[in-house]
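These notes are about the structure you will find just below.
To keep things simple, chains are lettered A, B, C and D as they appear, and every chain counts its residues starting from 1.
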Amino acid sequence: MERHDFAKPGEYTLADLMTVAASREVNDNEVVFAGTGMPMIAIMLAQRTHAPNLKLIFEAGTFDGRPNVIPTSVGDPRCEGGASRASGLCEAFSIAQRGYVDLGFLGGAEVDEYGNVNTTAIGNYLDPNLRLTGSGGNPDINSFARRTVFIMVHEARRFTRNVSYITSPGWRVKKWPSGEFVHRRELYGSAFRGGPSAVISTAGVFRFDEDTGRMYLDTYHPGKTPEEIKGLCQFDLDISRVKGETAPPNYDELHIIHEVLDKEEIFLPKPKKS
Amino acid sequence: MSSQSKRITLSEAAEIIKDGTMLTFSGFTIWRRPCALIFELIRQKRRDLHLVEVNSGPHSEFLIGAGCVKIWESCWIGHELYGKYGANLSRKVKNKEIIFEDYSHAEMGFRFLAASAGMPFIATQTSLGTDIHNPEYDMLRRAGLRNGKNPKIARKKYETMQDPFYGDGLQILLPAAKVDVAVLSVQQVGEEGTVRIGGQFFTDPEVCRAADTTIVVAEEIVPEECLRTEPRLNTIPSFQVDYIVECPYGAHPTGMFGYYDVDGDFIRNFYMQTRTQEGFDEFAREWIFGMDHTAYINKLGVDRLVNLQASRALNFSTRVKRGQK
Amino acid sequence: MSSQSKRITLSEAAEIIKDGTMLTFSGFTIWRRPCALIFELIRQKRRDLHLVEVNSGPHSEFLIGAGCVKIWESCWIGHELYGKYGANLSRKVKNKEIIFEDYSHAEMGFRFLAASAGMPFIATQTSLGTDIHNPEYDMLRRAGLRNGKNPKIARKKYETMQDPFYGDGLQILLPAAKVDVAVLSVQQVGEEGTVRIGGQFFTDPEVCRAADTTIVVAEEIVPEECLRTEPRLNTIPSFQVDYIVECPYGAHPTGMFGYYDVDGDFIRNFYMQTRTQEGFDEFAREWIFGMDHTAYINKLGVDRLVNLQASRALNFSTRVKRGQK
Amino acid sequence: MERHDFAKPGEYTLADLMTVAASREVNDNEVVFAGTGMPMIAIMLAQRTHAPNLKLIFEAGTFDGRPNVIPTSVGDPRCEGGASRASGLCEAFSIAQRGYVDLGFLGGAEVDEYGNVNTTAIGNYLDPNLRLTGSGGNPDINSFARRTVFIMVHEARRFTRNVSYITSPGWRVKKWPSGEFVHRRELYGSAFRGGPSAVISTAGVFRFDEDTGRMYLDTYHPGKTPEEIKGLCQFDLDISRVKGETAPPNYDELHIIHEVLDKEEIFLPKPKKS
């Protein structure tokens, strides 16, 4: 029996809340690109709830998969469960560049007010404080998909005025060789299809004004306040459009996350019993 | 090359890769990486390698930690959920002990696609507006290596042009990723070189054709006629493979569809231990030097390998512990 | 598009292709051409089609003979050993009743490869020095059609540039082959659109993705779950297919790997008979008009179809008479 | 028992002679591109005689095939017998452009002294006497392979001073936009790998001087003379380097052609018994 009433504080973790919020970004029938971890669970959750006909793409080369067992990464044999086709990365990115992709889920170490994201290096690129993984498919999915959703840890140093390095293009990006900032639409021409649509952080859910390209607070997670979240951003966060609290998981969603998808607790440990 | 003469040993394969070789690999992050051959390269103290990779992973962290790599050109290095980033690359970037060149994932894929088709460049609109295209961040140029002396290093990191055909706007032209040697870790290869990959083939067909020389390290060398009854199941035709090596568990600790899972504990321990150079050196003394591949898998032991073994029905292990439960 | 709603009839499929559509097809010369749908287009008197094809064959000779085609853009048309060239195209070229645009075979393949990857153009060195690149022979320009009004017709037939990366010399930039509709004739399609092609897949994956709308005409519509147990055997993923039609013998008189051979007699007679327009009109009265596909295959008759039937073991017919013996 | 002694006139057809001559152009271990008909039989003959390790490519997408039954065309299911891989045309031409191909066999309606071949239209391209098939893969294989061999009917109108349309590039080709003739090497840059290596006509075997790019007579078929062949060319054929008669088929080759490869007589009818 499905239970669609909301769980109470203590019955879910912050990660559960974020996963469910991410899952709700997916519409039925959309083509969705997913990376490893929380995004993968969010999409597989959507597949089992409100978006049974979404088409799941893994960039390593699996198309329209319906895995029963959560993959450890997008290269995992577990990706291919129920898939329409398995091939390779060039086909995945060709499909993306061709415009088939509606939505992509991504992560980041830093984000600025315009949704520019850094996953490459903290500090001066040429002499960094910390070299990170590099781009991976982050800029590619963000360039090609109609909407992208970022999932991030919320700390003031991460919600920064200027990211150290623009790995993934937001709404106002650099035009080379000068490096002046221009609206994304100006640069992408006929390939412009959209851009960052939401950021789901450990504090709240943020959206973007397409015209100004600026981020604003949409909902705050239970226990947080808009003012507190504004204080956790180096830029001047617009909190004027806030709608209220982020909706918590319902019992059905929690059941699917913990008893169906990640019962091994690979990515999402169960809430500790108090 | 005539039939039956492609079979060599792991040690002979490593000798084909000279100091300074431009090198690439099969696989994707923590899957189907030719680790056995990489350990052999480290034992043979190879130096000044220029890695050109669609994406990287533990295999290159081994090489970089061991000081074999002069240039790392790719888009990503890490261990997926077993380690947040490439600690050895990170340390060497900080210490300016390595030259790095960043592209995006699609860019690297398309660069290999171009090379595999004999095209000197390819057009894309990905990553427009990012610092990947910051002219100050052309690191091979900064290192003075875009002078045309190495015919496989492009004179520019990228070029721009407007689409002259459809008004589709600004295009980035990317140079083909040309390399000297590709090393592929796969499930099966025929005696004449036909490769059959199980599961996603990642960018293996492209990196194979982008290279002047291809070495295939397979779990099993099988009779050609077995593979040739179903040509649609094969991934790479015979004549694109120059050398073949039979090497069971040749990708460990990375995973092999249908054969064995990723050894997550091994990679997590490697990541944690090798966040310092001293840690890496200790890891190398324990797991690389003073042994060959046979000794390595014996050191892993039967229990560990049985635990990782993939179900023939599901193509992944149902025994391996991946999470907290 | 949600599942289960992709199935339509042959007649409905033909209605999707409007007058003036830019159209392409599956297959290769005399193999896997969507002839049943083409006969239906002729019955529906479609006009001003712009065919953009990697290579052509009997299917387009039907359309051209029937006066449905305004522009033929490809590299080859003929019937292999059953007819030396495309007699209908040849006649209409001589009579200036059709616009033709010539590229080379690799050029057309690469143009579709570019379109399928969302790239506006692609670089190649094939056919340098030939009259394919004679600027006087840009026939769409001569016809005033390269004015940007049709967003899928490139403003130039090709562009040249020097390779800026490796000194690889003169490159030809070819515009992506963008089309409105692709019609694929294949062995099996799942209810949700997953396509499984038997044997060589030719350029089917590329032409599918190059099109805005893809219609798949399959010998059999099969349950998705049958196809999804082995994703590596599938050729095109579900979401790239918009409409599916079940149509046994849908490619006749061309051949279908694993199902039936080319009907050489049929094609040879067509070629001989339709070297005049009167001959074509007679052919059309006999084999196209006044019947539907069911009537067509009944007219072919059981003996003929049994004779063409492919061996399940060999994937081709052992009964069909191909030569003088 | 193999019989390597030569067959006598009347025991073989002209097509047999040409097929065997074509077959002898193949070296062992080479990667060879073949089209439909006589070239296909020639290569399959070489595979069964002096070049067992040749790698046969069909441009529709079959690699290193060893068919037991002669295919009707390169798209035929029969191509895939014993093949290393079956895929598609983009892979075939990518492999070719990448430089894997040693030899290609091609046909033509017209050829000039420099090996430029026409398969597109006879007469003025814009107002032709006869529109033919078009290029097919002829220029592509000829652009990419190290050597190409043309198989043609020998008539004076076909061995012409200027082909109506250069479909396939010979040793001296047109440099656009001016259309001036230049040596092929000049145009192809680093992609230059060779060019037309031989023409096998119904009259003789012709080769090319790589420096001048000019055709010369190598051998004449039994019953023909060099002077007669010179008379069958509109250009001034160099017959000064002629070596002698084209070697006829041996009995083993005839057996393979007629009793193994084309016993259905699809492409090569048996010699009529006198």
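Note that in this section a residue touches a chain if its C-beta (ideal position, glycine included) is under 8 Å from a C-beta of that chain, and two chains touch if they have at least 3 such contacts.
Computed from a prediction, not measured in an experiment: that's the story for all the values here.
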item	value
Comparison of A-C and A-B (more C-beta pairs in contact)	A-B
CA centroid of chain A to CA centroid of chain D, Å	57
Distance from chain B to chain A - Cα centre to Cα centre, in angstrom	27
Inter-centroid spacing, chain C versus chain B (mean Cα positions, whole Å)	39
Contacts with two or more other chains, residues of chain D listed in rising order	62, 80, 86-87, 90, 93, 96-97, 144, 191
Per-residue overlap in chain C, given as positions that touch at least 2 other chains	110, 117-119, 124-125, 163, 166-168, 199, 205, 232
Graph class of chain-chain contacts, one of line, ring, star, complete, other	other
Listing of all chain pairs that touch each other, if any do	A-B, A-C, B-C, B-D, C-D
Complex contacts: residues of chain A adjacent to chain C	28-29, 31, 53, 55, 62-66, 80, 82-87, 90-91, 93-100, 144, 191
Chain C contact footprint on chain D (complex, rising order)	36-37, 59-62, 69, 72-80, 86-90, 93, 96-97, 120-121, 125-140, 143-144, 165-169, 173-177, 179, 182, 184, 187-191, 262-267, 269
Residues of chain B touching chain A in the complex	27-32, 54-55, 74-78, 80-81, 84-86, 89-90, 93-94, 96, 100, 102-107, 109-110, 112-113, 124-137, 160, 163, 166-170, 199-206, 255, 257-258, 262, 264, 310, 314-316, 321-325
Chain B residues touching chain D - in the complex, by the definition given at the top	1-3, 115-119, 190, 192-194, 205, 209, 224-225, 227-228, 231-232, 234-240
Chain B residues within the chain C interface of the complex	110, 114, 117-125, 148, 151, 154-156, 159, 163-168, 171, 173, 175-176, 178, 198-199, 232-233
